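What follows is a set of notes on a single structure, which appears directly below.
Naming follows writing order (A, B, C and D), and every chain is counted from residue 1.
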Amino acid sequence: MSLDIKKIGLLANLGKPGVHTVLHQAVEAIISRGLEVYVDEQTVRSTGLEVTADPGFSLEKPDCDMWLVFGGDGTMLNAARHLLHSPHPVLGINLGRLGFLTSVNPDGLCEAMDMLLRGEFRIENRSMIRASGPVISDHHPEGMIALNDLVLSRVDATRMIEIRVRVNGQLLTDYRCDGLIVSSPTGSTAYSLAAGGPIVHPGAEVFTVTPICPHTLSNRSVILGLDSRIEVTSLSSTPPAMLTSDGQESCEMEPNRTIVITRAENPLRLIQLKGHQYFNTLRQKLQWSGLHNDPGGAGECQ
Amino acid sequence: MSLDIKKIGLLANLGKPGVHTVLHQAVEAIISRGLEVYVDEQTVRSTGLEVTADPGFSLEKPDCDMWLVFGGDGTMLNAARHLLHSPHPVLGINLGRLGFLTSVNPDGLCEAMDMLLRGEFRIENRSMIRASGPVISDHHPEGMIALNDLVLSRVDATRMIEIRVRVNGQLLTDYRCDGLIVSSPTGSTAYSLAAGGPIVHPGAEVFTVTPICPHTLSNRSVILGLDSRIEVTSLSSTPPAMLTSDGQESCEMEPNRTIVITRAENPLRLIQLKGHQYFNTLRQKLQWSGLHNDPGGAGECQ
Amino acid sequence: MSLDIKKIGLLANLGKPGVHTVLHQAVEAIISRGLEVYVDEQTVRSTGLEVTADPGFSLEKPDCDMWLVFGGDGTMLNAARHLLHSPHPVLGINLGRLGFLTSVNPDGLCEAMDMLLRGEFRIENRSMIRASGPVISDHHPEGMIALNDLVLSRVDATRMIEIRVRVNGQLLTDYRCDGLIVSSPTGSTAYSLAAGGPIVHPGAEVFTVTPICPHTLSNRSVILGLDSRIEVTSLSSTPPAMLTSDGQESCEMEPNRTIVITRAENPLRLIQLKGHQYFNTLRQKLQWSGLHNDPGGAGECQ
Amino acid sequence: MSLDIKKIGLLANLGKPGVHTVLHQAVEAIISRGLEVYVDEQTVRSTGLEVTADPGFSLEKPDCDMWLVFGGDGTMLNAARHLLHSPHPVLGINLGRLGFLTSVNPDGLCEAMDMLLRGEFRIENRSMIRASGPVISDHHPEGMIALNDLVLSRVDATRMIEIRVRVNGQLLTDYRCDGLIVSSPTGSTAYSLAAGGPIVHPGAEVFTVTPICPHTLSNRSVILGLDSRIEVTSLSSTPPAMLTSDGQESCEMEPNRTIVITRAENPLRLIQLKGHQYFNTLRQKLQWSGLHNDPGGAGECQ
């Protein structure tokens, strides 16, 4: 992959332990390679970075060629929403455990920088999703955007919500449940997994619709093409619900309201360094293996 | 089964449609069989029953031989907690759909009465469960009692709770989840089922411990003998949680608190008329059948 | 949709009860509309149809404009494999229960014919999948083709198989299990569903990989884009396994062999009449509804 | 716990690597503590043990006070069936990975011996289960006995079996499936777990009935008290099935046959040394933890 990199934007979760040290190392690594840093004033002030903050710093119309995002997966989720209209690719540096979205460890920062400059990477287009509708547009004129998932959940912990889901104008089914998760491919390993959903490769172009504690014997996820138009309606009988984007932004949803979920127009452009394997991260983070976890008994007879 | 029935107590969910008519029929059926009615003043006043309310009416020390409970399963759950110290058996009359706990339809009331008098019934002891601990005793000196389940759930819809479960003093595991359900046998078809738990026959003497949306690939229920002592501790890192009994009574639970769940000392004594079959109710309410729901394809080849 | 229909091919499962009557009605309906029938000699002889069988009848290079397939979903699965190189679309007439693939009831045959001629239909491209490799090519030079699923299963009912799955050259994971299902979108409601897999809309361009009884606590399906190359290898330690296509054709697989599963080059072109809704069939066949199956208890309190 | 131990019986899986060395160590440990060894001739001959085999060696009427079983869990399953009528307790020494039933490592053998003599152990009664019926009695006059599970499975890998389950004379449901697992508490971590069943504490007095790939949207296990009488009938429409006990002994089951599964009259009396914790083994063998497997995303926001 080739990308003409001259100026690198920095976005950091300033609350993470160790973020100051890593940012200093990053600035050093960038400048020593003859590149420029694009950073906002708060980050400079808070961390004492010896660079000049860009006075016109902007996430929507940034003046840089790519972004480095420092934090956990939550930091990247937050960044992704704000970078929706920015065409520049993003590389995540994790400041804690290995992340699905922040795949580079801080001590691999210099090597990562060299790989970037040598073009040893590829860009994954991670589809983002959008909820729109009257209930949302008051506070989010553009709708609510998510990289992982849009979740409709109950507010009152003792009452189920009742919702109807339509796909491309056709009734899918009604749910009486604690909530409903509409997940992007990227989000399959987040809340959807906890609710029993399948593992979806980021390259599979699908929504995963997973009910949370549906009051039926059947609790399967439904997989829909990413070009589907998913309408979720709160039935008249339902107590109020809440719509949450990536576990970070919320708005209330009264009975008899409808939201429409579609693919967002732009994806997050995630940089993956050469050698990165999605399934490795999956197995490592989820301690997943079909072979080594032996429940014993049948099959290992005398 | 033989039971010397002279006076029948009435407990009704006065908010249910049709309750007035059914209560009048019940009183008529009771009195015409030479039996007495035991009822509180609010029920008499609200429904215009032509009987005298018992001035010393009490759920704890009732002056009757058995109870008729009119309503849905929720009504019976509520009654069961209040009748914990009452040794008298209970028959449920459903005022809506067939219930797991309210198995008699209103139009079967007279026949049910005759069956009772002919001894054509048996009494099922339905184990109840109790949560105790400092967090609870302020408001519930006797602990929180449940016939279905005790549920620890998150309050903030965007933050998981972190809890540790110990069984008879031994660590079971730690959970990072939306909540945890500790269910009695009776409660297996309620919230536990929605969270993916197994179907437990009411006669199986077990707790079912089921995490709600645990953030792992593994989400199995754990089945424990009813003589187990289950300690649930909110870890220091957790946001506040809420403990709810049968979806009806709640109390908050801060971090670093422990509750202890055990079998309650008395069961609910549920009357089942001759011919009642638990699995029939199960199949009917859950529309459950392994044979008729044919997903097609494999196995029905040319 | 417009399709120039002059000659209609007939394919029937001659073993199904009622097939003779329906075929006679079909021929009558076709001829009375001025169209021709394309049929093989065995069908004519076996059913006494008053048409002339085509001497050069062929599935690979058929001389017709579309096919009517009479039978169950299994009949359609069988037909689909044989029609792989035929570009003509197919309409399924079910001779029993409603099918996912055979959506027209026999008594709707005349109306269906009229809708076809009026262009009131659309054609769904149902992706088919293919397994290839040395183990297969002996008996199936073109590989094994499936519309629903390719299933690797154990032969010895008391010994698990051990397999490795690689996706686009990267290790997914190793499985110790009873078997592995690689399902097309169409096949998600067949064996994959029985093994716990999600419901996949036929328009979602994905494989679903679902282990059968994997010996781990984790048993999630994995969803992969249909352009993936899935390699399944039987490990050296495994007992012999069997590969089956749509539950209909099989071949053995010894240890240390690898098969490659990809999308087949041509889809089945399935005719759906106007008004057909996939989710209706889904709810009807699976008796699926999130709202009506009420497990009672929590949430419907007094 | 106190047990008067003078003579210790040895049972070993002679095919396991390292068994000879461990047996020599065991004999040395036993004799040096002034105890006697009870062993059969094949074991003595095969391993060159310097003890005299007991000429009247018998599993049914053994002349010893307890047994040491050397092998894996499969070895213990095999031993348990043969020791059904022996009242003597059993301690398992694993010759490979930690087992659920073989909890002592070979290098802990001497310490284990001392703990036994000091009474630092307890005996767990592990309920065994029994299948009886005409289909079985030909080859197994006493029925088929299992410590883990009795499994009915299909013989033909492309055809489902159809069975009916009755509990205490009442219809549970009919299943169309690959098989059915009836598991003891001990067996919950074996095949039942692979088929999606819950984790059952060995002290919970229940059967777990788990269908294998049932062709419905609902696939829950059913938990029944161990005093239940479970009848499993192969329906007239089913292809032949196979009944297997602990994955080790099998017999065929034609259509229209019924087997009855009940608790066996005697349990396995399993010795657990002081300090042994069931849940530790569970977490270790299943790599199970609700807390550490973090799927990321929601909840760990900025």
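Convention: a residue touches a chain if its C-beta (ideal position, glycine included) is under 8 Å from a C-beta of that chain, and two chains touch if they have at least 3 such contacts.
What you are looking at is a predicted structure, and each value in this text was computed from that prediction instead of being measured.
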Comparison of A-B and B-C (more C-beta pairs in contact): B-C
Self-contact between copies chain A and chain D, residue sets same or different by half: same
Centroid comparison with chain A (C-alpha atoms), farthest chain: D
Rounded Å distance, chain A centre to chain C centre (Cα mean): 35
Rounded Å distance between chain B and chain C, as computed from the means of their C-alpha atoms: 45
Between chain A and chain B, centroid-to-centroid distance (C-alpha), Å: 40
Chain A residues counted as touching two or more neighbouring chains: 158, 177, 191, 193-194, 214-218, 220, 247-248, 286-288, 292-295, 298-299, 301
Chain contact topology (line, ring, star, complete or other): complete
Touching residues on chain B, where the partner in the complex is chain A: 153-155, 157-158, 177-178, 191, 193-196, 212-217, 219, 242, 244, 247-248, 250, 286-288
Touch list for chain A against partner chain C, complex: 158-160, 162, 167, 170-177, 188, 193, 197-201, 203-206, 208, 211, 214-218, 220-225, 228, 277-280, 283, 286, 288-295, 298-299, 301
Touching residues on chain D, where the partner in the complex is chain A: 13, 15, 71-75, 77-78, 97, 99-101, 148-149, 151, 187, 189-191, 193-194, 217-218, 220, 246-248, 285-287, 292-302
